[in-house]
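Below are two complexes that have subunit A in common, paired first with subunit B and then with subunit C.
What follows is the complex of A and B.
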C-alpha cells in the first residue's frame, strides 16, 4: 500500500517508545544495582493484593460492559432521544474526572451523611468492594456506552434492510446482526476497562474501606516512594506488567471486519421500535444521565463556598493555559505517532500477516500496561544526574504524556483505518495516486474518528498528574496539579472551583470537536 | 577602525565582569510543594530572607517530604541543594544515612522545651500534634482518650500508614499507647473505621463532606477554619494518653557551595520573623518559645507528648505496618 518509508517510520516510532520503557526499567535496575527481589513472589501478602487487584478489575469491567450494553442499544434504537449529543460528550467527561471530584461527589451523595443515603436503607455502606465498583462503573460505563454505540452505528443499512426482507424476528435480528457487530469490540472494551481498573489506586483506597482493598499499585507506590526499595518495586512492576499483559493478549485479538456489506457513516435505516420499548429505553437513558450528572452537581456547594480572589482566578487561568498547551502538544504528537505506527500494522494486515500485525499492535500499545509510576520514576532516576530536570522536566512531562495516551489513540483509530484499507486499498493502488491525493482521500474517510480520538486523548493528557508531580517545575503548574496543591493545603473549596473550571473546559472542547465532526 | 572595535569589546567585557561580580549568590532549597504554593509560607519566607541576605532564594519543590529524601538518595553528592527543608523527625535517620547532612551551627536553646531538641544536624522549624478532628455541632461529647475512641463506635477515617505520614504517625501512636495489645486494638478500630485513604487531603475532604465523625489530622487544623473561614465548629479531640508530634526539620548539606548562606538561612528559620510567618501559612505550631500567635491559636488543644522514642518507631516501622495490614483488614 504505502512505500517502504512508511513502514520504517512506523517501526521507528515503535522502537522509540519501547526503548523509553526499557530505559525506565534500566534506570531503576542500574540505580539499585540489583535486579528484582524474587523472594517477594512467595509472600502471601503479595498474593492477596494480586488477587484483590484482579478481582476488582474483572468485576468492574464486567459490570461496566454489561450495564453499558442496554444503554448503548437504547440510544441506538431511539436516535432522537433528548440531549443525545450532550450525553455522549458527558460520557467522555466521566472518563477523565479528577479524583477529587469523584471522591467528594460520592461521599456527599452516598457517604455517611450523603444526600441519597437515607433512601438506601440501614445496611448501606459506600465503602468496600461496592464503593470501588460504583466508582469504577461511573468512570468507565459512559466510555463503554459510547464505544458500543459507535460500534452499533457501524451496522450497515443493508443489514437491516435485508433483515426486514427476510422477516427476521426480534431475536434473530439480535442474534445475527447486533451480537456479531458488538462481540469483537465488547471484549476489547472489557479488556481495556480491566486494565484501567487494575491500575487504579487513590479511588480504590479511598472507597475501599481499609487495607483489605489494597491493589498492586499501592504496593508499588509504597515500595518506590516510601521505602525507596527498588528491588521490591521491580518485582511488583514486572508482575503488574505480566498480568496486565496477559489480559491484553487475551482480549486484543485482531478484529474481524463486520460481515455483509460495506460500512457507511450515515445512519439512515434502523428498525422501528414500539412505544412501550421507547418508554423503557427513555427510562434507562434518563437514569444513566442522572447517574452521570450527580457527582458533578455535588461539586457546586464547594464551588459556591470558595474564597474568591483575583489571585485565585489568575492562578487557575494560568494553570489552565499551561494545561491546554501541554495537552494539545501531547495530543497532536500522539495522533501523528499513532497514525505512523498504524502504517506498518496496516501493511501487515493487508498482506495477511496476522502474527506480525498482532506483535506490532502489542508493542505499540504496551505503555497502557506499563505502570506509569514506574516509567516516570525510572526515567527520573536515570536522567536526574545527567541533565537539569528542574529546567527541562517539562519536556519529559510532554514525552511521557504522549506515550501514555498513545495506546488510546491507536485503539480508537485502528478499526477505522483498517476498514479503509479493506474498502479502498486495491482501488487506489490500481489508480497509482500520489501521496497528496492519497492523503486527501483518506482524510475524508477517517476525519470523524480522528477528531473524536483527538478529543479523547486531549482530555486524558490534560488530566495526568502523577508524572507532573515528579518532573514538573513548580513555576509552571498545570491545572490538575493546582487542584491537588489546593486540596493538600486545606483549600478544598478552591480545589473544587478549579476542578469545576477544568470540567467546564473539557466539556467545551468536547462539544466543539463533536460539532466539527458532524460538519465533516 | 580596528582600534575602535577593540575598545568597544574591551568595555563590553569589563562591564560584564563588573556585572558578574555584583550578581547575588543563590541559595537553593529543596522543599515540598505545598510549602511554595501561593497560600503557603514559601513566598513570604523568600521575601523576608532576601531582604537582608543580599542573595536569591531558589525553592525547588518535590511532591512531599519523602520525595525530597528520595531525590537526595538519587543525586547523592551531585545534589543541587544547599538546604533541605520539609523532612520530618521520622525521616531524619534515613537522611543522615546518605552522609550528606552537615552539622547545624545554630543555637537551639531558644526553642520550645517541649521539643527538647538535641539533634546536631537537623533544625526544627515547625511542628504539629496529630489529633482527631470532629464537628462540635454534631458531637457534643468527644472522646477524651485514644482507648475511648477505639472502643466506641464512632465513624473514623484515617490515612494509610504505607502511603501517608499522618497515617504513619497514627500507627506509631497506636503502638505507643497499646504496646503488645495493638493488634486487638486494630481489629476493634476496624469495626467502625469508615475507610483508610491514600493521603491527608482525601481523608480530610471526605470528612468535610460529612463522611465520618472523626478524621485524623493535626491539632492546628481548626485554626485554619477559624482564621480563614471564620468557622469554629471544627475542633480537635484531646486524648489523655498524649499525642504524637510531627516535627518538620531543615538541614544544610555538606556538599553545598554556600555553607555560610545555608547556615544563615537555618538561623533565619528559627528567628522570630520566620516563626511568625509559619503558623498562619503552614498551619503548624512554631518552635520558637514565646512566638506571638493569632488569638485563635489559643483555642487549640495543647496535648502532651506520648512516650515513644522516634528511634524505636522508625526501627519497628516495617513490622508495625505488617501487623496493621493484617489486623486492620475487615
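What follows is the complex of A and C.
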C-alpha cells in the first residue's frame, strides 16, 4: 500500500490515543491511591444505575430503529414527497445538534411552563425516563431514518423489475426484497444508537434525576464533581468501559452503517403505491417533520423576547469565534489522524489479517466508549501539578475534542477507503505510482466523503460541553458553554438567542455538506 | 528471456505447476480451459500472488522475490483497469510518464478511442474501456507485458484492429508479451507461440 513510514505514523497515532486513555485512568488511580471501589459492585445503587443505563439505551435504540422504519419507507416509496431534501438535511441537523440547544427547545415546549405541557395532563413530566427517551429518540431517529433510507435505495432496480415480472404480491416484495436489504444493517443501526445512548451525558444530566434516572456516565460525573469519590468513579468508569466495550466489539466486527452518503435523485424502479398508502406515508412524514421542527421553533419566542445589549451580542460573537476556531482545529486534526490511522488498518485488510485489522480498529475507536468525563478529569488531575491548566487548559480541550470525534471520522471514511483498495489496489500497485500520485488519485475518490465527514465532526466538536466544563476557564467561553451558563442563571431568553445563533451556524455548515455531496 | 522454473502456485485446494521459457521480444498466447491457472500465472509474474515454490527470472535476474514496484512488468487485468473518478486521459497518463500526450492520442486514434479521451470512464462502453487499458499498458516503459483477455469485450472488427496494434507496438519496441485469450484468431494474428495449458 503506502510507504512504511506512513504506516508507522498511523500506528504511532493509535499508540498516542491509547496512551491518553491509559494516562487518564492512571491520573485517577494515582490520585486515589487505592484503585477502584469493588464493594460498589454489590451495592443496590450501582445495580439500579446500571440497569437504568442499559434500559434507557435499549429502549432508545429500539424506539428509534422501529419508528425509523415506516418513515424511511415513506420517503423511499414516495420519492417526490415535498421538501424531501430539507427533511434529510434536518435529520442530519437533529443528529449533530448540540444537546443544550435541544434541551432548551424541549424545556420551552414540554418543561414545567412549556407551550404544550398544559395539554399533556397532570402526570406529564419532561424529567425522568420519558424525557430522556424523547431526547434520545429525537437525536437518533433521524440518523436511523437516513441509514435505512440509504439501505432501501441500494436495492438494485433489477430486483424490482424482476419482482414485477414475477408478479410478486406486496407481501412477497416485503419479505423477499425489502426485509433482506434492511435486516443486514438494522442490527448495526440499533447497536450504534445503543452505544451512543449508553454513553449519553448531557441529556441524562439535564433530564434525569435521582438514582432512578441516572446513567453510569452521569454517576461518574456526580462521583467526581460532588463527592470527589475517585474509587467510586473508577468502578463506574471501568463498568461503563467494559459494557460499552462489549457492545462495541460486537458491533465493530461488522461494517459501518452508511448514512451520510448522498441521496440518489435518479428515477428508479420503485413499486407504485396506492393513494391510500400515499396518504398514510404523507401523514407519517409530516408528523416526523413537525416532531423534528418543534423544539427548534420553540426557541423563537425566547429569541424575540431577549434583551439585546451590546454585551450580549459581544459575548455571543466572542464565544462563537472560539467555538469555530476550536471546532475547525479539532476537526482538521481528527481528519488527518483518522486518515493516517486507516493506513495500517488498510494494510492489514489487504493482507487478510482480520484479527490485526479488528484490533487496530478497536483501539482507534475506543474513545467512543471511554467515558469523556473520565478522560477529562483523569488528565486534569494528572497534569494539574505539572502545568498551568488555567492557561493551557484550552489545549486539552482541543486534544480531547479531537480524540472524541475521531471514531466518527474513522467510521465515515473507513468504508470508502477500504472500497477504494478493494477496487483499485491491484491497479495502483501495478501502475507503480509514486506517493504523490497515489495521494492525488485517491483524493479524487475520497474527497466527497472527506469533506462531508469534516463538516460532521466539526459540528459534533462544536457542540461539546463536557470537556470544556473541566478544562475551560471564565475568560474563554465556547457558545455551548455560554448557553449552559445563561440557562443555569435562568436567563432563558439569552440562552434561546445564543442557541438560535449556534443553530444558524450549524444550519449553514449543513447546507455546505449537502452541497458538497451533490457537487461531488 | 523470461524463465519460469518449477513454479508452483496454491489456489485453494488446487496446485498449479508451470515450467516454461519465453524468448525476449516474443508474443506468447496462453490458452486453456477456465480454472487452469492462466490469470493466476500472470498475477504471479506481476507479483500479486506469491508462489509456493519455484522462481521466475527475467534476463537472468530473479524477479519472483522482488516487490511489485520493481518488477519489469506492465499488466492489463480482466477488469478494474481504470480509476472511475478521473478522466480517461488522466487514466492513460498514469504510469506512462515516459511519453507525452502526442503519443497517447496517436495510439488512441489507431484504437479508435480519440473521442473518449476527455470523458469519464463511466461514460465508456466495456470495449472502449478495455482499449484504454490496453493503450496504457502497451505504452508503459516496462519490457514485459501481461494481458489478461484484452479483447474479450470487443467486436470482431475492433478486435482485429486492437490485435494488430498490439502486434505493431510490441514488435517495434521489442516487448515480450504474454496474452491470455480464448480466440484462435488472436493466436493467428499475434502469437509467435501458443502455450496451451492443461
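FYI, the second predicted complex is superposed on the first by the 397 of 520 C-alpha atoms of A that agree within 3 Å, B and C clash if a C-alpha of one lies under 4 Å from a C-alpha of the other, contacts with A are read in each partner's own complex, and residues count from 1 in each chain.
Convention: contacts are C-beta pairs under 8 Å (C-beta built on N, C-alpha and C of every residue); 3 or more make two chains touch, one makes a residue touch a chain.
Quick caveat, the model's predicted, so the values are computed rather than measured.
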A:218 touches, of subunit B and subunit C: first, second, both or neither? first
First (subunit B), second (subunit C), both or neither touched by A:444: second
In the superposition, subunit B vs subunit C on subunit A residues touched: B
First, second, both or neither for A:228, with subunit B first and subunit C second: first
Touching partner for A:423 - first (subunit B), second (subunit C), both, neither: second
Which superposed partner A:113 touches (first subunit B, second subunit C, both, neither): first
Touched partner set for A:103, first subunit B, second subunit C, both or neither: first
Subunit B versus subunit C as contact partner of A:432, first or second or both or neither: second
Contact footprint of subunit A on subunit B as seen in their complex: 33-34, 36-40, 59-61, 63, 66-67, 69-71, 73-76, 78, 80, 155, 160, 162-163, 190, 193-202, 204-206, 208-213, 221, 224, 228-229, 283, 322, 324-326, 328-330
Residue ranges of subunit C in contact with subunit A within the complex: 46-48, 68-69, 73-75, 77, 80-86, 94-95
Touching residues (chain side subunit A, partner subunit C) in the complex: 423-424, 426-427, 429-433, 437, 441, 444-445
Complex contact set, residues of subunit A against subunit B: 31, 45, 99-100, 103-104, 107-108, 111-114, 127-128, 131, 201-202, 205-212, 214, 218, 221-222, 225-226, 228, 307, 311, 315, 380-381, 384-385, 390, 469-470, 474, 484-492, 495
